[in-house]
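In what follows, chain A forms one complex with chain B and a second complex with chain C.
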Partner chain A sequence: MSAMAGPAPLASPSPDTAARARPAMRLLARQLLNRVAQLVILLFVISSVLFVLLRLTGDPAVTIAGENATPDTLAAVRQQYGLDGSQLHQYLTFIGNLLHLDFGSSLATGQDALGMVGAQLPATLRLAVAAIILNALIAIPVGAWLGSRRRGVARESASFLITIAQGIPGYVVGLLLIQVFAVWLHVLPSVANGGFTSMILPALTLASFQVPKMVRVTAASVAEAGRADYILTATANGASPSTVVLRHALPNALLAVTAMLGAQFAFLLSGTLITEYLFNWPGLGLLMVNSVQRLDFPVVQAAVFVTAVMVFVVNVVMDIVFELADPRLRRSGA
Partner chain B sequence: MTAPLQRSEAPGDAGVPLADAPTPVGVLRRRAGTGHTASLYVGGAIAAVLVATALLSLFVHLGDPNATDLLGRLHSPDGAHLAGTDELGRDILARLVRGVRWSLGIGTIATAIAVTIGATLGTIGAWRPGIVRTLMVRSTDIGISFPFLVIAVVIVAVVGHGFWPLTLTLGVVAWPTMARVIYAQARGLCEREYVLAARLAGVGGLRSLLTHVLPPLVPHLQVMAAFTFADLLVAESGLSFLGLGAPLGEATWGNMLSASRAYLIQAPWMMLGPATAIVLAVLAANLVGDGLTARDHAKRSRSAA
Partner chain C sequence: MRLRQGLSAIALGVCATLVVAACSSATTPQGSSSGGANAGKPGGQLRVGVSALPPGQGNPFSAIGSPSVYVWASIFDALTTVDKTGKVQPGLATSWKNIDPTHWSFTLRQGVTFSNGEPFNADAVVATVNYLTSKEGKATSVGGELSMLASAQATDPNTVEITTSTPNPVMPASLCVMYIPAPKAWAQLGAKGFATQPVGTGPFVANSFTQNSVQLTANTKSWRAPKVDKLSFTMLADQAARTQALQSKQIDLEIGVSPDQMPSLSSAGFNVVTSSPQQIMSLAFRQTSGGPIADPMVRQALNYAVNKDAMNTSLLGGKGAAPTQGTASNTFGNNPSVKGFPYDPDKAKQLLQQAGYGSGLKLSADVVVGSFPADAQIYQSAAADLAKVGVQLTLTQITFADFLSKYLPNSWDTPMFGLSWNGQPTLQASRPDTIFSCLQPKAFFCDPTVKDLLTKASTEFDENQRKQTLQDVATQMQANPPALLLMEQIDINAMASNVKGFSADNRTVHYENITVN
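And now, the complex of A and B:
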């Protein structure tokens, strides 16, 4: 691949930035509209699939109330969930309730399903933030080092280690961490107890399967930036290798790194099912797993809904961050 | 990954492999090529051992994975039980061997489903502009934006446990990434001169798709299949770990890991066995994927030179 010949990134903004801001804003608005449409379709499709599957696999009232429910309970469930009309009528009621954000109440506790999900949300957010910070602190320096190194034994063995690390599922890492730090060394709790220390192992677990990917992306984009002309100029002007990497290559590589961090954060908000289950962390994932296990569909549905909305919010924020961070995008958008 | 293919299959591309030329560049390229073949061989070897074990267990009795022995429960590894016994005195090695069949079976079939759906949608989207393409690109965007494990958990909860529900669910939810990669590649191919020339010469659309666009996609399909296989293996044992995949008591790696949670103190070997098995299987698939990618790059840069 040849060196990038485009305008030098991070140059001072051109004087006519203001004139170009309007088309850029319009682009952003269109992107936002696109995202909203995606969210609506996603929620609609998931809900409809769930609706159909519940009916294909048997009587939904039995599925909801359990195998040994009395006829009275079944009748009550049918009435509560609008299962007594025609299929079409049922479907319309179901979608109507969704539009009102009415997911019904939990079959297990009788509480409002959306409220239960909301109560679990802070724990998931805390864990996700801790994991993403840990991830960035480990992966960006390692990736920058790897990307700025020439081919050699150190780089090859490091990238082999990353391949191995990438193949270790999170729950295996989690079990190993529990084994070492909780069972053998007795230094860290393996189950959530509200304290800060109980967050360390789950955060490490989550970071463990995101770091390898992050290192790869950072290394690739630092290496890519390292081939640009302005790096050659900086080197020719006598900048030391570390200055070249830290001041010139890394900042320009951060765009791809930020994109990856955003994607991984969105994943953390929703994909922590197994880690939360493993460490009994009282978050959205644990609630989802427990609700699925006891077929508490109102809660499952509320959890899926909230997850989709959070992923949506992260994506929109990332769109805006990109718009603000990279002048090149603004220019190409105009 | 999104660069259009530069392969010698294209008519008119005189694909002379320059690596055989005794220039310093050729020597360097060949040396660079040895790294990826190593990972291809190591990954392939591990995969071969796993496949052989699965096939062997179909025909030869390798120990009963479900024979319980309550007096010999939680035994550490020794001569009689090479990997120890679990909480019901079942031989862990026999259960690991039986688990290979389950994991490879689900992984292979689900990957095949995902590859078929993804490749079909991807090529059709690349081939047909207009509403078909828009629909395909949009649905892929939506599918990718949402973590598939969450959807799989919900679907499996409704459809039920077992081999086929799990396989079908994983196969059906894993297609979007595949579709996106194949679409990007096929899109470039559809615009290539030889495809346009064939169309001008009167070759029908479907035939052109099958004979000109599909063959150069095969290397990408292989790479994607290897990585998807690894992902689905992790997802499958993850679901079983949550108690939502394999039926309880079935000898699968995920179930074994799940059971090991309660015995981390008394019997750490209950965790180490299945953990090693999963890591090895996933590593094999990732190494094969890496090796194939590198081999592809090497071939391409050779034919581009």
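And now, the complex of A and C:
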């Protein structure tokens, strides 16, 4: 090479790599568009079904006007809140506003419905994340231990306890936790006060909805992984039992657990309704319960809409995480 | 070995986190009122646990009665209040007189200011009445309740003349539901803004008003300045959780205690206070729809068949009372000579026999539960008593929203439904009596004699005459009962032993008198 020549040009991507990348990008774009289309259709169907269901639960005008309302008062309320048109007219107005993400104002407070949902959402997400972390911290080690044990008194006893625990409703768990830690021991608050400590009992309660199931899934996955050929190979190579479980069986077992976490997110959110109600946790669940009781339709619609988006996004993210975590899926181009 | 060590480390980490977190802040919420720092000096904080907060938050026109009144009584005042004996007491008005059937003059309390510094005067009252008579105001609960309001005029800064569209002899009592908001703040913020930033003349100022809690500080310039520095309301809808919060000292005052918790709270040193909200639980008869219920003998039989004293003893610890009529003893128009229906299952069977139902009768009722202590058990106990006389009563629980949807148009599927005789907040018998009469829009029960008496009472300004007329209504309702009367209900509240000075008139708590040592 001449001394006057510039630096050697960077190696160009090989024609093979570039050729593989283009279809992959197109595939990804198509998948993304499919997902977005699915989400739009899902939200439209959910919102429409909910519109009908809510109006079957009662007349919000009577809730606003009160039990001693005269027909004149009721008529005034309906006109004031746009409840006097036909159901079809109300539905079309609702769909038209939905395209602008306008759910209207709360029938109770007059505040923007979506704004109210947005204000309460972070508290629910904090609680949900805390519950997932607690879930993982408790369920994975216990499940790994359970799955790696041979049949015996300890394992059977633990399995029995897990089965019992799965049958205890989350509401009961919450009340028990309050009784023990707040009333008897006075070490944790049971009423949300903005402090970190007030999140512990609600998070434990919410986690209790799923811990037993997660333990059983982890245990089954670890046990199944333990029967794989690579486990035999690792054992034959002299790996200790703990190394076999922690380095080989558990990472493979966690794939199933991760998939379950995403699938259970919707159930987790339903658990927040009970948990937030019990602990006065200022989240979306409590807002939804109050709004349903008051027939505050705009807030219920906004809350369900946001919840549906969250569940959808979480499932998409978990699919991506699953694909990234499992090299076999990447190699197969799934 | 390593696995066991790893698991142990994780368990230790979780426990350590919990312990550190628990130690890092007090177990009681901000401003504990039971701490040693506040002992023995005025001030401190009163923390109240309630089952619900006002649905309209700080908008004082969005609802009437409980649960809203528990919060609003700390922020707002009305021209008048009604005490537990049914007497109308001065509030922001110190006196009043009836000029003619549709005109009332109110003399206002002087030297009162709103918490934002606006003066309270006749213009503030006029602004409130103007709002309630506007299109928007008429669509509120208070606007509907006070639909008789026509206009108001300030005759001088401390006197206001209120005009009604129809004669209303109980106007002063009726105005106890009309809280007066600061007029300029209301004009500026409107109903939407007031939801989170209410301004009144009451003993406290709301710093924060959310869906879940209300945080207030003392309004030291109020005409009824409080003794505590801070007040908070926390919504704990679950009754068990609310009691646990009291037991764990996270709240100082619990509004709405379950009757079965009374003994354990008392023995643990909490003060349990019961009072009569002047409400009678009942199963209303849809007599206008015909059927067996249309026969007065059947309705009397049902009343004789239920052992109300036994229910009171076993379910309310004897704190309630077997009702003699649709109004409680302190309600204006209650007739002390009406003795009600004593428990007499033999007489019940005899009346059913005479009415042609000696071989049995099937009835059904839709009921809402959770409004009163032990209400579900009371309904079930009544059904059990009715079964002993051959009446099979099927109870179906419905939501309050369902109830309203059926109640207002009288579109029930059942011949009976749960309905309370609610004298609140005016403690006037005319209010609940009207509901159980032909005067109710879409009436479910109609007795022409009662209708004539109530019409007469509605325009009778002579108090003694009006009382007599309403007592005649009670006598007529004994002969032709519009409901199966079940229980004179109670309110049960409990508080920590360091809370002193608690009192409430018709659920209006006098927060200004409460101290927390």
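Keep this in mind: the second predicted complex is superposed on the first by the 244 of 334 C-alpha atoms of A that agree within 3 Å, B and C clash if a C-alpha of one lies under 4 Å from a C-alpha of the other, contacts with A are read in each partner's own complex, and residues count from 1 in each chain.
By our rule, contacts are C-beta pairs under 8 Å (C-beta built on N, C-alpha and C of every residue); 3 or more make two chains touch, one makes a residue touch a chain.
These numbers come from a predicted model, not from an experiment.
Within the superposed three-chain model, A:V129 lies out of touch with both chain B and chain C [touch as defined at top]. More residues of chain A lie in contact with C than with the other chain of the pair chain B and chain C.
In the superposition on chain A, A:A158 makes contact with neither chain B nor chain C. In the superposed model, A:V183 makes contact with both chain B and chain C. Of the two partner chains, chain B is the only one that A:L273 touches; chain C does not reach it.
Within the superposed three-chain model, A:A220 lies out of touch with both chain B and chain C [touch as defined at top]. Looking at the shared chain after the overlay, A:L295 reaches both chain B and chain C.
With both structures placed on the common chain, the touch criterion links A:N315 to chain B but leaves chain C unconnected. In the superposition on chain A, A:L175 makes contact with both chain B and chain C. Touch criterion met: A:L74 reaches chain C, while chain B stays clear of it.
Of the residues of chain A, those at positions 57, 63, 175, 178-179, 183, 277-278, 289, 293, 295 touch chain B in one of the two structures and chain C in the other.
The residues of chain B lying in touch with chain A in their complex are 35, 39, 138, 141-142, 145-147, 149-151, 153-155, 157-160, 230, 234, 237-238, 241-244, 257, 260-261, 264-265, 268, 271, 275, 278-279, 282-283, 285-287, 290. Every residue of chain A that touches chain B in the complex is listed here, in rising order: 38, 41-42, 45-46, 49-50, 53-54, 57, 63, 156, 163-164, 166-169, 171-172, 175-176, 178-179, 183, 266-267, 270-271, 273-274, 277-278, 288-289, 292-293, 295, 300, 304, 307-308, 311-312, 315. Residue ranges on chain C touching chain A, taken from their complex, read 1-4, 6-7, 10-11, 14, 18, 21-22, 24-25, 27-30, 49, 52, 55-57, 59, 62-64, 135-136, 138-141, 143-145, 147, 190-192, 195-196, 210-213, 234-238, 240-241, 244-245, 247-251, 399-405, 407-408, 435, 441. Within the complex, the chain A residues that touch chain C are 57-59, 62-74, 76-77, 79-81, 105, 108-111, 116, 120, 134, 137-138, 141, 144-145, 148, 174-175, 178-179, 182-183, 186-198, 200, 240-243, 245-246, 277-280, 282, 286-287, 289-290, 293-296.
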